[in-house]
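Below are two complexes that have chain A in common, paired first with chain B and then with chain C.
Our next item is the complex of A and B:
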């Protein structure tokens, strides 16, 4: 018959083993296509302009998507991956240009144009809503302009 | 007083006048930006006889090659990519030309355009390419040369001016050697 201390030792060892197994770092799942495409959708490959990276069928773009997958698997964040691509291939790979230099125009001009348009419309609507200014009587014109006065005089005589 | 002169006499509020000026400035600014972009797009490759801009290539080994340091030598700059099938047609011939001409003051440089490092290194290994090669970081070098695609090869004379341009792959070793030799004589 086994002594109780032996049983304790066996149970203790089993518990420690189970605890270690549970705390062992598990392999994270590989990045899904959706995760890769979510980043790829924000980039354009300079080789095939106007086609987002997530749907571009060329070999170059397939390599880029593989690079995104690798970086995600290594634990890189979205912004780190985008920074890496900008460093490697230039800022034009980004769907939204970084807000610096002349790029600011892209961000400033549309809202500025919209605001200017809204202001012009506001002014136009306000002026249409105002009651019309009283018409200056024709008589006063005739006082000012001798030609009009003569014309009216002529018309009065003929009628 | 006529109707026209009466209209002219109506005073324009100052704020409206400044608003109109601002709108015109914005419109002309936008047109200028678009126009400059179009001019740049239509410019095409750097022309033969033009001074080649200085650039720095960091090779895959980490070495740095500066164009300014290569003045007095004929420099062959080849833009390529591992995904570019036509580039493969000339890869082995470029290496052969490098071996043939390296002792005659001719430097070959490979600029890897929009590529991933692993595939680029595999390509260099596949074609046993030994001359200096590096990635076009930020596509700065290709933009300076205004390349339209790959492969493109630029032969720069001893005076730092562009002597020859080859758009598309070279068809033979003889064609590469002939181009470089004629650039050496210029």
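Our next item is the complex of A and C:
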């Protein structure tokens, strides 16, 4: 006969085992290289100019990627990790400047200039589109008449 | 001795260039042709002089003269001879001499042309080219002397000077530091000279433009003289950019060919204005319009050429402070400002004389569409210019440096590229002069509808659902169809009129209208490149994994199996870690790849060389990211799948070949052009 205490021990061990098995999948898996790179791709280290962090071969950048991995493992979000690096090393670690303060200029100036150019072009279209004012004979006979100059030029070239 | 000779010839060049500029201006203003002729001779003298200096540097580089500072900094015993020669442009001082050498060569070529018809332009062409040359030579003579030798004080401090300073002894290192490892690639042998050729040859059309302004010529003579020059300059610049992309893809190891790096953008900006210029000059030639705009474009192109050299040569990109510390930075800055202000002042001075000879008849006319094209190119230029400049401005005003990286450029320029693609399809169907929206629409709608087959087929058969990609491929299809129809129409007309066989008619059409049909083929090259660009921008996938021997990593249809890794030292000072991986596609063995990591001991610089399996359809691109040196059980690979990337290179080849076709001289074409140019002039009078 088995004693009741032995049964308790077996059932208890089985229950603990099942609990452990059930709880094991709920542990987050370690962050994959691709998850690390997805964040690193949007960042630049201050030393290796213009090489994104995900592909930079230097030792320093490998350490940065390790830091991203650690933070991910600790459950940090992408924006928290980026903020952490910005706090440590400044806004230059981000692939594009955060839209605040003077940085707004980087986003506003090109479209504003383009629109101004488009407006100037539109005005030019309208003014050029109007029929030319009739020129007085005196003007067209003058020495600086571009047509005459052009003709003379062409004739000279042929001679 | 050789160093002294080289330096002396540079000093003489500087004097000759200054004299040439001064004598030419004096001769033009005082109407004394003898001074202009003397200036021309001075200009012709500069090329042999700079050649002597350049050859001296090459002789020092190849001859292992490590007592010369420049030689010790860019070469080493381990480097092969061809790299020692190309080290001429591998460092700051040498590249400035190389720039000057090209400038003097082009100035000489311009000086040797027949000037009978355009005598009044000559002095000002001399002034512009010689002032530019004098500026670059002054940088090497006074600030970045490539002939300085190394000396050591009695306290052991190393100094550099041309002649022995007091209290020093000569210092002769046993070996040099060697060229930057990134530059030890066959691509680097060709890429920088191409870019420099492109940069420097744009000085010539600018010189003629300024000469036309200074001499008061309001016609399009300067454009006609420099048309081929401009195309050749553009050809070299395009070739430089494409080769640079290929080099980055092969050597930099980040899976792409264009990273919107400020150095890339520095070369891209003059290309943008140059391309806009090539289009808009056609309007001046055909319709006598846009004279101010063309002048402004060539002035901008010249300024951007100097600005590009400034960006890459002054250290300003690393930091505003590095710029302030470098001697040549402020010099460049002053020169760009001065030439820009003088050029624009000249333009404003002549503004009234450069009025257009025609009016814009319709918003749907080809000239209007060319103006739109120019607006879009200028839009891209502004994005690039501002993106490069902003980090410097931010650093200057807030003390904080920011990165303006690819996401900014891609978002900002994307719609502009789409606009340009659309114009590439629409403009060939429009007509010069009066052109109604209805007639353009009639020409357009069928071809636009036909090209819809492309996105529909991609959606139905390939499952492409990205709306941006579908629009892109639709426009690509549209441009290809329009271009082919243009060829077909032209050839058919010849076939009927001259009773030529269709292939012969097609050939003669292209050969006798080289600029027009060369231009169309360039468009075809561009859209082929666009296929690859959309492929890599929108469909590139990547993954990374750490593998033990025999383990695999999969990406899409591809699987990589890690076989082995070896690590060894090479005779040229590298430690190489080279992996062997096997590649399978849908389970079928495709071959082995050898991604590797080179570590240069002297410069302590690592370099990642990818292993690439390349087909027309796609590239499978493998990088060796890291490894456990002893057990080899944890080797990390990064793999990319780059669909269609080879269309970029194929399109690039077509682009370059077509530019050559467009720029190729032809006597028949010349006579045809001249006779057609006179007819409208007579008709208008």
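Convention: the second predicted complex is superposed on the first by the 107 of 159 C-alpha atoms of A that agree within 3 Å, B and C clash if a C-alpha of one lies under 4 Å from a C-alpha of the other, contacts with A are read in each partner's own complex, and residues count from 1 in each chain.
FYI, a contact is a pair of C-beta atoms (placed from the backbone, for glycine too) under 8 Å apart; a residue touches a chain by one contact, two chains touch by 3 or more.
Since the model is a prediction, treat every value here as computed from it, not as a measurement.
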Check: Touching A:45 in the superposition: chain B (first), chain C (second), both, neither?
Finding: first
Margin query: With both complexes superposed on chain A, which partner does A:113 reach: first (chain B), second (chain C), both or neither?
Written below: both
Notebook entry, point to check: Counting residues of chain A in contact, which comes out ahead: chain B or chain C?
Noted result: C
Note to self: Once chain A of both complexes is superposed, is A:125 in touch with chain B (first), chain C (second), both, or neither?
What the structure shows: second
Item checked: Which of chain B and chain C A:55 touches, first, second, both or neither -> second
Next item on the list: Please work out whether A:90 is in contact with chain B alone, chain C alone, both, or neither, and reply first, second, both or neither.
Entry: both
Notebook entry, point to check: Which parts of chain A are in contact with chain B and also with chain C?
Noted result: 46, 58, 90-92, 102, 105, 109, 113, 144
Margin query: For the complex, give me every residue of chain A touching chain C.
Written below: 32-34, 37, 42, 44, 46, 49-52, 55, 57-58, 62, 90-97, 101-103, 105-106, 109-111, 113-114, 117-118, 121, 124-125, 128-132, 144, 146-151, 153-158
Next item on the list: Enumerate the contact residues on chain C facing chain A in the complex.
Entry: 117, 218-219, 221, 252-255, 259, 261-263, 288, 317-318, 353, 355-357, 359-363, 368, 371-372, 375, 378-379, 382-383, 386-387, 390-391, 393-394, 397-398, 400-408, 412, 416, 542-546, 597, 606-608, 623, 625-626, 636, 638, 674, 677-678, 681-682, 684-685
Notebook entry, point to check: What does chain A use to touch chain B in their complex?
Noted result: 45-47, 58-60, 63-64, 66-67, 86-92, 102, 105, 109, 112-113, 116, 119-120, 123, 144-145
Next item on the list: Could you please specify the touching residues of chain B with respect to chain A in the complex?
Entry: 1, 16, 19, 22-23, 26, 29-30, 33, 81-83, 114-116, 119, 135, 137-140, 143
